[in-house]
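To keep things simple, chains are lettered A, B, C and D as they appear, and every chain counts its residues starting from 1.
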């Protein structure tokens, strides 16, 4: 694609390489380093004047320094004369702090959106971000907002590596129904549902799969994010109790905080799959194709 | 002072305590913690609705996380109904990245100012910030901008601890003349000057004190910031060569990066003094009085 | 295996899970946390008294804290009455600091070995450690020392995922010949060699494959470790100049320091493979089978 | 002092400078840096062959990396031919983990001592280390062990800065009686005691000063260490309740973890003083004289 330069920040360069390749566009470079006093130095080595720029950076583990780097870089790109600037933020930090759950709390995602808004960029692409309480992200972030999904890419990987006889797709909770639905479609129209907690007495809660039998079935359990892994551990135990056979766990954002990874390995899963929105030992699938498909529509 | 709440962020609380005390105002609290995924959680515990709020945070060593904390908190204060919000940033990070020294560089202080501008706060108070290339900081930061000095407080400390017979005040370079001048005034009208490099042949450079004799004199060497300590080490060696006797080094911002502190201790100085804009083992002087003096004018 | 407990430290638990499973042994747990002052708290939750214990911890990126954790844990296991204690250190830090290259340098691997020696453990298992200048590691570390290889596991992965028609195996330098040889065997007896630098004039150096043609060939490039990625980048460029076709890069220890991963992605490799001695986005292969094979001989 | 070289590690260099000066000995240098993979590089730049070496390093906040640095350096000094090697560890980490409080815990200080023991050094000097459960530290650490006190230096500072009319010395708990005693002596024989918790009913506990009246008195509160500051906050509140007037808080090791410093500032103390065993904003007093006094006896 002509007049397009793809650039990666310090946690987005791996995706920038793949996106540039799929777009058939120039791949540029940015120098990012820390001064001894902890300030970040940023220098855009590519010539961006008059160009359309796709800047990729993921706001993953320890996001604050990446946020500053991202905002400074986007501002510099405009300042250096880029004609259009598109931010690809595969993982958007602070998305879960989208309400004042207790008095006095900062509603961080709104503040972060306001900072992006100050930069007048031309578009934002992110992947499977929680938008429950955000009805108009384009207005909030001040740039055409694209919330893409990585679940189709996860589905392609599952389909090409496993037989899906006798399989169903399950989301660990109500909210995950949207991802279960997409995964089920991608896997050729499998049945799908979500897990539900049911209180059966004052002391006892059971977990059930809503309106679907999992006994004797192979299960693809799908969620948007694995952080500490607690939800997955609980869900897998429930599915086993319900008689499920082999279980594959797939998530878009494998944050895998603390001991999450070994905890999940202890579950004896058939496979454990994440994407490269956040780099991890389970980042077996790239979201680059989903991002490029969306970028093509804008840049065509 | 009524209707005023003073709050400190995670690197400003020590100054918030002192400012509240001097102002005679309420001192509130903010809960700041890190989630396991590195996101920052902020909760303002004081009731700020309808109040005038003074928020203090220093953007010192490793400033990126502090920048995000500061911006989120300022935004939250407005959102929680504070009538007026004043940011006290004793040390402003990125002030030295105020020009594109090489093609493609981010001019970080302009980007940072733009982020502050997005928040519509009512005033910013900082201490001895480089403003060479910034002619209108109020416009740039989008809030009435006060660039205070900590040098008078350093001067008071020197005066009350040392005899100043036979003393002169020296700045390590041209730029430091402004601080040497203030220090000299504060010390009762001492002579002052700055060091200059003079090339005397192709190979040789000598350092001289411009238009002033230091031989046999005691010297108060004053600068705005000590980062790695290189400038001070070089200046002290030059002063000794020129025959200076006892040397006191005073700076506003004791960043003391890496091995700066032991390097300075090796110089055999009479004293080594900094303020509490940045906490360090040499933070013997508080800038709180200077900040409170300026705040009083606004809040009166 | 009876009377055997497998335990993982904070960077070894993923391998402990796999090792316990393959050994058919009990998998225990250790609680490891940091106090606010940065001290490490360690509590062995499994009952190890009278048992044979296999403790797994990798001394990867930022190894110092992991070294302290490992030494304290091994000492505690003995103290708690474990009958035999085996340390599995998939990646041994400081192995490259095995000589006084400049006067006054600490020869860190000798010091580290001395610390292990103080603990009187019963065996150490590590993977592809540099032992050029260490002739008797068992004496040095004070425990029966097993230097295993992860290259066979890498080979199995390559063989089962790629056709190897027209392929040769190359090591990036002299030292890597040992790994090229094992890989070549594992791939069914392929030809193998190493790259060599040849000075052809005062200014010019060329890189050649010693005694082997790579023009038109597919290449499996194999090394023990990828740190900054510089060696691989240089080698791949040389192989391309020599006419190589598709290139697969395989390494045992994917340290991938700094920007190594995106740098390698830019090379357009057919695949990029590492093991789980160090967790990384390319840790597609586990060394657990190699470790278990060796453990079985000891524990049988 | 002849044939003696004083060297500082990365958190001991400030004390090494002061110790060398007071001893009148050579001050050498060590290069310490981190490789990109997090390993520590150590090079002793001074010529230590045949010399007696005093190596100073404090095992303060984030001690693990400092422990590895210290052990490697001590081993290197021996290896480089130093005739005698003395380790000055102003703050000894892990001293509070000196018992198995819960089953399975590592008793870290015993493990750390064993690591020191492996190095065959000639003496260890530390300051106000907890030795309750360690009866023979010389045997445990395998080197003549000197547990010095920094309380006398604190006392000298208090005496020369404050009038002590109407003052008493208080320790916050039973254990602190030893420090209260020394402080009281140093202040010319003041009365001293400790605070005690007394249960007066099922719900209510009161804190009293054992056998001493504090009403209307000025108090010097002294402890060995301030970590989170909780003990000091509680003690100061109790003293105020008991009618104490002005309170000075003095401690040897100002660890000041997290928000300890601003918490203490909120107490409205007359002064808050620590030593330089751990560098902090309250490190107003050096323990160098106490260390030098002990070293002189050995090195004379």
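The rule is short, and it goes like this: a residue touches a chain if its C-beta (ideal position, glycine included) is under 8 Å from a C-beta of that chain, and two chains touch if they have at least 3 such contacts.
Because the structure is a prediction, the values reported are computed rather than measured.
Peer 1: In this assembly, which chains make contact with chain A and also with chain D?
Peer 2: Common neighbours, chain A/chain D: B, C.
Peer 1: Interface overlap for chain A and chain B, more than half of numbers shared or less than half: same or different?
Peer 2: same
Peer 1: Roughly how far apart in rotation are chain B and chain D when fitted on CA atoms, stated in degrees to the nearest 5?
Peer 2: 180
Peer 1: Can you name the chain that lies farthest from chain C, using the mean of each chain's Cα atoms as its centre?
Peer 2: B
Peer 1: In angstrom, rounded to a whole number, how far apart do the mean CA points of chain A and chain C lie?
Peer 2: One centre to the other, that is 31 Å.
Peer 1: Quick one: chain B and chain C, Cα centre-to-centre, how many Å?
Peer 2: 48
Peer 1: Rounded to a whole Å, what is the gap between the Cα centroids of chain A and chain B?
Peer 2: Going by mean C-alpha positions, chain A sits 40 Å from chain B.
Peer 1: Taking each residue of chain C in turn, which ones touch at least two of the other chains?
Peer 2: Counting only residues that touch two or more other chains, chain C contributes none.
Peer 1: Which pairs of chains touch each other in this structure?
Peer 2: Between chains, contact exists in these pairs: A-B, A-C, B-D, C-D.
Peer 1: Name, in rising order, each residue of chain A that touches chain C in their complex.
Peer 2: Those residues of chain A that touch chain C are 8, 10, 13-14, 16-18, 27, 259, 261-262, 265-266, 268, 276, 279-281, 283.
Peer 1: So in the complex, the part of chain D that touches chain C is made up of which residues?
Peer 2: 36-46, 61-65, 67-69, 71-73, 75-76, 79-80, 93-94, 97, 102, 104-108, 110-112, 114-115, 117-119, 227-228, 255, 257-258
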